[in-house]
Amino acid sequence: MMQKTTIIFNKKVKLNKPILIVGLPGIGSVGKLVSGHLIKEFKAKRIATLYSPHFPHQVVMRKNGSIRLVSNRFYLMKSQKAGGNDIVLLTGDVQAVTPEGQYEVNSSIVDFFVDTLKGDFIYTIGGYSIGEGIVAKPRVFANVTRTEVISEFKGHDIIFGKSRGLIWGSAGLILAFAKIRKIDGICIMGETSFLEVDASAAKAVLSVMAKKLNLKIDMTSMDAKITKAASALHALERQMATGYAPPGHEGEGNESKPSYIR
Amino acid sequence: MMQKTTIIFNKKVKLNKPILIVGLPGIGSVGKLVSGHLIKEFKAKRIATLYSPHFPHQVVMRKNGSIRLVSNRFYLMKSQKAGGNDIVLLTGDVQAVTPEGQYEVNSSIVDFFVDTLKGDFIYTIGGYSIGEGIVAKPRVFANVTRTEVISEFKGHDIIFGKSRGLIWGSAGLILAFAKIRKIDGICIMGETSFLEVDASAAKAVLSVMAKKLNLKIDMTSMDAKITKAASALHALERQMATGYAPPGHEGEGNESKPSYIR
Amino acid sequence: MMQKTTIIFNKKVKLNKPILIVGLPGIGSVGKLVSGHLIKEFKAKRIATLYSPHFPHQVVMRKNGSIRLVSNRFYLMKSQKAGGNDIVLLTGDVQAVTPEGQYEVNSSIVDFFVDTLKGDFIYTIGGYSIGEGIVAKPRVFANVTRTEVISEFKGHDIIFGKSRGLIWGSAGLILAFAKIRKIDGICIMGETSFLEVDASAAKAVLSVMAKKLNLKIDMTSMDAKITKAASALHALERQMATGYAPPGHEGEGNESKPSYIR
Amino acid sequence: MMQKTTIIFNKKVKLNKPILIVGLPGIGSVGKLVSGHLIKEFKAKRIATLYSPHFPHQVVMRKNGSIRLVSNRFYLMKSQKAGGNDIVLLTGDVQAVTPEGQYEVNSSIVDFFVDTLKGDFIYTIGGYSIGEGIVAKPRVFANVTRTEVISEFKGHDIIFGKSRGLIWGSAGLILAFAKIRKIDGICIMGETSFLEVDASAAKAVLSVMAKKLNLKIDMTSMDAKITKAASALHALERQMATGYAPPGHEGEGNESKPSYIR
């Protein structure tokens, strides 16, 4: 068992023309913050779990005293209006470690979404950083599978054609593999400034997605994270001389930190 | 030969409802100290050997002038009362190097224990470190495959639900794969303070296991290790300015150190 | 999909005794500059694309707002005289990351060229650096599959038998695999001085190839790169105290730089 | 092609009860110096070549202007007396990079020697370093597949049972895999002091092998290397303040150094 990337259904579901939103760990934790926020706010239910030998060889210690293998997880947000697109959210603890693992995991995700869930549009979420310094008001950049897709997002405060360089990992490969399978998609990136967990960038992305997907998203808890990060940043500036870093927390809305156990 | 993880029987055995105790190299060498101590004190016999191309490409030079390939090794402690659970101990020189190797080796271990040895409960042993500083009286933490398992360990001085973060390697993956195979298990962790070989943490774990498994364990040699480590630590503190480190020893109860040969 | 190195035709073509010129990223970007220049000057058309799970897990953000998976790409320069050898140019964003990946990708390239394109001679282009210091007038060194090939290149200002050491990656492996398949080839190396993008070395290689292949190559844009690099170098010397580096650009004639997104 | 470790015969041979002597790159280059010296002195002929995708992705530039893929190479020293054991020497440019590659390459070597060449005893050669400082008169240590083999080497100035720690790479794994295939062998190690190329250690090994194998080995060229290394060491001591290192040379008797080409 477990010699290949494997997706297991947690519950059997019937979906209506689902779209996929991918929010995995990455720069500024923007993707994971976005997917975590949507899962919490819309009480999305887990429908499937992806395990892979290409993930770091870790298990997570849960607060209830049990463990779980690190994974990527699919959640379902049923459409609130009849006939509307269901939304499948993908979040997780980790991404694959090697290029070969990234290719295997991300092509499994696209194949599962296309062949099993019969979906036909994919959003991937990431962070985008141009230079140094704190970003006061994060902009939202995006790239698409084909230029024809851009027109569907006009008027949504998304900047196209100005992002440069490379997209690493799932946010990029899932889009590339979607394109090969003739599925359209978009990678939406919140401008970020090298923070480990950048809730401002995540909020900026959530705002454009709310408009596009016609969702009313409560931002209270995200705003709390922004405030908290701002104070933490101030604390960090004071503590930089000592090298002291405050401990992290585990959960869908945060990056898990490795601790010292095996 | 040797392109896949392989388990070879050293002697054919008949086991009675065996439980598995996994003590492999890791943080503080807690697991390896525990398994090594039990093997020595109870004169456990080797029954099987696991080789893997995912282990470091090393052989060990033995004191008798021969060599052996690095491996993981299964030992048998027959139950001292009729009808009681036999205990299978797993120790070894190394763990697999890559995530893919960890998945292959640890799923092989679980499959062997479940399918071939017909076992149904697994203990994995590790070290757990919270912060800095020397731990005077190490506590024992644990995580289980399912919360239902916790009740079986109440009243044994084991702390549940307070350990946080990640378990790396065999101690975690074996439990996770057991869970997938519907086998229960527990990861018992001795609190440790970044010592390379922490006999105090190992003794703490052995104490709770003695109670639970109803074993009378002679701690004389473990106490000697604790005393020796304490003196070594003092020596180390004196020598830290010079960068000098005393040479290590090879054996079941110690971490093998790589030397400069090939 | 995408578990193995894959070459996909972009357009179906009929080739006349093609020769292959390989110019991939490497020392001084000499290979990529050469292939990029030939593609641009001779308006070569893409005929096939190679994808591989052994490439870095990246996609490139294009100026038009879309994305593309990193790849190696085959372009066709039809021979300008009837019956002449067609030229297939290979360029790309990246090389494979691991030795195993390099073997898979480069043997796929050779097999494709020999079995599918029915070609029978291969040029690979690289940079060659002897020592420190700036090279004022770069020399051109070469190594061949068999000594018999050297005579075909006499009188072309190419130095044989003086280059020492190892050739890493595609420029070397493609030649070695060609030799195994009984195909001849040459690795032509421009002398370079550790510049990241060394247009002088590339021009030196292009000059000897122009003679050998009887091509008239306009060097205006390459000369512009040389001039620009010279000014950049001066600027760099002035800025070395500050650690500031100017941002890079993406395109066939330049090395793509990773940016901070995923 | 080239997706697996492959051994190709250069000439078809008929061997008489061959023994294998493995001298590959490693600590102090002791193994490679020993095999290189025997090949040169006894004009051994190459009989087979091993290629592997687990070797570094390099080709060697030869002095005659051609290239060759890095490899391991088998040479034949026919026995000088009728009915005597033929000697097969294994040398090479490199060892496999990863543990998985080491397992594949070294088990291929043992399988080839046992199944194809019908051999039944293996010598592997390595360097052994205990501490710091220059070794004036290098001792020779050894480890064997089974303790019973030791008696065959008594009275040959070889120290058994005093070497400690681990043997990395081919010198160890080939012996371990031989043992699994029920073939005997010995790893002979010259004491070395962290020199990159330690001809003194190699000479010490050659001396005990000459006695055991009843070979008369001319040491003139090895003595020259020892003298040359001694002067180089003195030069190095003088140059250590400047960080300057003299360039290396490529050839069977030396470690190939990577240069800056691809």
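Chains here go by letter, A, B, C and D, matching the order in which they are written, and residues are numbered from 1 within each.
One rule holds for everything that comes next: a residue touches a chain if its C-beta (ideal position, glycine included) is under 8 Å from a C-beta of that chain, and two chains touch if they have at least 3 such contacts.
Note that the structure is predicted; figures quoted are calculated from it, not measured.
Superposing the C-alpha atoms of chain B onto those of chain D requires a rotation of 90 degrees, given to the nearest 5. When you average the Cα atoms of each chain and compare centres, the chain farthest from chain C turns out to be B. Taking shared numbers over all numbers used, the chain A to chain B interface scores under half, which places it in the different class.
Mean C-alpha position of chain A lies 36 Å from that of chain C. Centroid to centroid, with C-alpha atoms defining each point, chain B and chain C lie 52 Å apart. Chain contacts: chain A has no residue touching two or more partner chains. Touching pairs of chains, sorted by label, consist of A-B, A-C, B-D, C-D.
The residues of chain A lying in touch with chain B in their complex are 1-3, 53-70, 97, 101, 250, 256-262. On the side of chain B, the complex with chain A involves touching residues 26-27, 95-96, 99-100, 102-104, 106-107, 111, 126-129, 142-147, 150, 160-161, 163-173, 175-177, 179-181, 187, 189, 194.
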